[in-house]
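By letter and in written order, the chains are A, B and C; residue numbering begins at 1 in each of them.
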Amino acid sequence: MNTLKKNLSELARLETHTYEKDFLLTWEKSDDEIRALALASEALSELHRAKKSLRAFKSGLAISIFRDNSTRTRFSFASAVNALGLGLSELDEQKSQVAHGETVRETANMISFMAEVIGIRDDMYLGEGNAYMREVARAVQEGSEGGVLHQRPSIVNLQCDVDHPTQTMADLVHLKAHFGSLEGLRGKKIAMSWAYSPSYGKPLSVPQGIIGLLTRFGMNVVLAHPEGYGLIPEVVDLAQRNSAKSGGSFAVAPSMEEAFRDADVVYPKSWAPFGVMQRRTPLLKEGNREALKELEKECLSNNARFKAWECDSAKMRLTRGGKALYMHCLPADISGVSCAQGEVSAEVFEQYRIATYREASYKPFVIAAMILMSRFKNYTAQLRQMAKD
Amino acid sequence: MNTLKKNLSELARLETHTYEKDFLLTWEKSDDEIRALALASEALSELHRAKKSLRAFKSGLAISIFRDNSTRTRFSFASAVNALGLGLSELDEQKSQVAHGETVRETANMISFMAEVIGIRDDMYLGEGNAYMREVARAVQEGSEGGVLHQRPSIVNLQCDVDHPTQTMADLVHLKAHFGSLEGLRGKKIAMSWAYSPSYGKPLSVPQGIIGLLTRFGMNVVLAHPEGYGLIPEVVDLAQRNSAKSGGSFAVAPSMEEAFRDADVVYPKSWAPFGVMQRRTPLLKEGNREALKELEKECLSNNARFKAWECDSAKMRLTRGGKALYMHCLPADISGVSCAQGEVSAEVFEQYRIATYREASYKPFVIAAMILMSRFKNYTAQLRQMAKD
Amino acid sequence: MNTLKKNLSELARLETHTYEKDFLLTWEKSDDEIRALALASEALSELHRAKKSLRAFKSGLAISIFRDNSTRTRFSFASAVNALGLGLSELDEQKSQVAHGETVRETANMISFMAEVIGIRDDMYLGEGNAYMREVARAVQEGSEGGVLHQRPSIVNLQCDVDHPTQTMADLVHLKAHFGSLEGLRGKKIAMSWAYSPSYGKPLSVPQGIIGLLTRFGMNVVLAHPEGYGLIPEVVDLAQRNSAKSGGSFAVAPSMEEAFRDADVVYPKSWAPFGVMQRRTPLLKEGNREALKELEKECLSNNARFKAWECDSAKMRLTRGGKALYMHCLPADISGVSCAQGEVSAEVFEQYRIATYREASYKPFVIAAMILMSRFKNYTAQLRQMAKD
């Protein structure tokens, strides 16, 4: 618990304004706030390991809205809110009347009368997910100001079309543990690389979130992808600006090999081409199955040209000392295990399997920290109290 | 908290016998019990606004059975039971074996071993929903007397074919706030009017519940609907008797305009004709899709004759000073917003939008009050305790 | 509460090693452990009846994985974990990404970061269900040893292809109450008999669990079924060995009548022939609907030859004094009630209806006891504390 004590002291020195604020994009948070979030996440994890109760609420409700399938984030959110003492109500859009044309604005208020937090996953439609979260936020703001809601619940982004902050913050805590400190990230090279997958239409939020976050810590971030698989231009620009400011670098490479060369960390992961996502969104909205099938076929056959973009032992040997840390948000498409050919060879994945589990293990604590920092003005006092009990 | 103190004193003077009783129809409850329920709901709302914990149970389970889609009532129930400290288990009739021919009697006991309360929504079948609730009540009564259940859970009607007491009690609390007191309702005119909707088959429970409840407070209640859209005759008779007793009045009007004239409150809402519901029930039971489609077509084309039954600014001008309170149980069919033409014009709805949200906001507190009054002999003491903590 | 005191004293004298252990098969537990589990279940039931709180956890999560429909076990598990103070997260394999080819190993860890217990029902595939539970157990063991999980959750078998320990332990507690003590079971005859049902493919876990458990208490266990409806041979052998050791007996009879003769207890219940289940498993896996339909037809027509295997009044008259205790895990196929002809006549079932409800009522307490014994080293102290509060 010595680390805990040190972390809590450091936490107290940071300037944060997260009380009653939403968590929608990491780049809307100050450096101090990101550092505080990492520290609070680590503190909660350490307290949990020490079998301390993380209960901060006597009662209260957390709402989750999942507009896409999810196992990991669903359970991470459920674990986090339960540990804090909140109940959980899931809005299932198939079951509820939201699917029947209700306006978002109204529903957001109807489900929030006693809500402390609303976690939302909406990553299917480019240009929509983050906008939806802001629409919900505006609605509960209005409800709160109009006296309808006794409290304005905070919104937590559980993955949208732009960012996946609970994942990338877990990744950051994982890297912090790997390199010993956030300062340890400075000068380290990370390769965020596209990888081949036999599926298509995977969100762009993880690579975008990674380049948007890690360029803030002086890392040398290299983004690699085949032609036509670029990310949202605004986020690429942001990464550029971030790295200039933090004293790191940001570059785009045309091959996994080039990105991996001398890398300290590699993050090979598939995503859909930006252009395909743009064409896909209106088709999904209008439910045009024929055109979606056609688009899928076209995209998969295009994907198939890049089967060599697999993270295998040969490519890992290009990394610094052949020993780069392999990262993945899971589930990975593992060649010969979960598919014939995929993002990573079975050999490489098996070597880092437990490490990827550990990477994921920070997520519930990151979510709990986001909620704590947004619902308690003096969240450090809450953490100190947990340590005492 | 002065209102709270006053409310709790008033509550202590009322004679109620709600302990271990179900809440199935407002007209099965005495005037004192209805008044107490309104007071307890207000007290819980005020305590929640003051950030007091409403936790009354250390542990315990609430069960919900939804036999129809629901967002608002589902979340209101979840919010209420969570606030009181109960866990929630939802019986999903698609997922569970109830759909496979199990008798209600047995299932009711099997899910109730540790249940404090069972909330049921069953509003699809005329002549069935309320009967089903009573069947469940008899089953847990038998289980309790036979030593199978250590406690007999209370049944709360979350909407049936006859009444929607959690909605109409929220409506009553809303009116009480609007007019300053229940006494303030005396002599006020409310227009409960049918309105056009492009859908069909909406339950009759809200208009029935409204005329069954508000005629008890000396209001002048006018029910308006096109020919053939009458309600269950027994409830219309009840409204007549109630108003005679309370010193108010009850009348049926042939047009929205007539009902709105000099009204203090208007509640324009669509519902299916009683006769259609009677024909629909056997078709739903036998799953006769062809005949249901045929009936829907017939009904929609009949509905279309009454598109003029829309609550618009012109009709609102007929009300007392043009300033009647507009009410709706939500979601409303809003012309040009959620449908081409519907129950209410966008202009009128927008003016009262936040007010309808506030109307809905009482529902979780009404449900919590129903549970509290049914599970605690001295529920006033529970409320006093919450105020202290 | 005198029984409680006596039970807790007896409990303290038993030698058990259940801390941090899974509960997968009753025959993996020692006699002392089975006795302790029965005592703890009774204690929890008695405490609940006395309105004592069973809360043992401040917070924490229970996970359930249901790979088959379930109402009773689902609610029993929900009731048990709620009573102990745990939150519940259900892994719905339709909703989650498990259905999309994720490895069990990884998912098991991803859902377990804060889990105390994982309840699993997987009874559809012969040779698969219990194996799946062990795979999950190995996965969380690995995750725990690798530092991914701060605690290794315990696995509770909520029914598999081999055993249904939460059911058979509830049955045992029911018999203990019926005969006054576990010693009272000695020399009593129980007929575990196949019975006709108009459905097919029912799991073998209940009859297997019953002969595997009750042969340990000196009972004379008779298993009866038509030719071709035998159970897994290993479990039949186990029953043989158990009875030899316990001083009871085990026999297989060719007719319900022979099994019922002078029986003190009868348990008539349908199950699928072992051979059919073996043929069905690969068809289910490959999703071969045609072949499954063919197999169902064949099996139902074979079943139909044994319609006489119904527990009716005439057969009940063959039992000891015509007064054997009738048992069933519910729901029963009741002739003329839930089907045209089934496992039991309406007359016999009605006579024992409430008794079968009571039999089922022990299940949530059995599950709570399993969790308590597996998560608390000194679970007796926990029970004593509950009695005090």
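Just so we're on the same page, contacts are C-beta pairs under 8 Å (C-beta built on N, C-alpha and C of every residue); 3 or more make two chains touch, one makes a residue touch a chain.
Computed from a prediction, not measured in an experiment: that's the story for all the values here.
Any chain bridging subunit B and subunit C, meaning touching each of them, is among A; the list is complete.
Look at the contact of subunit A with subunit B and you find different residues on each copy: under half of the numbers used there are shared. The distance from the centre of subunit A to the centre of subunit B, each centre being the mean of the chain's C-alpha atoms, comes to 41 Å. Shown for subunit C are the residues in touch with two or more other chains, namely 87. On the subunit A side of its complex with subunit B, the touching residues are 58-61, 63, 87, 89, 91, 95-98, 100-103, 106-107, 109-111, 113-115, 142-143, 146-151. Against subunit A, the residues of subunit B that register as touching in their complex are 45, 48-49, 51, 53-55, 69-72, 74-76, 78-80, 82-85, 87-88, 330-331, 337-339, 353-354, 357-358, 360-361, 363-364.
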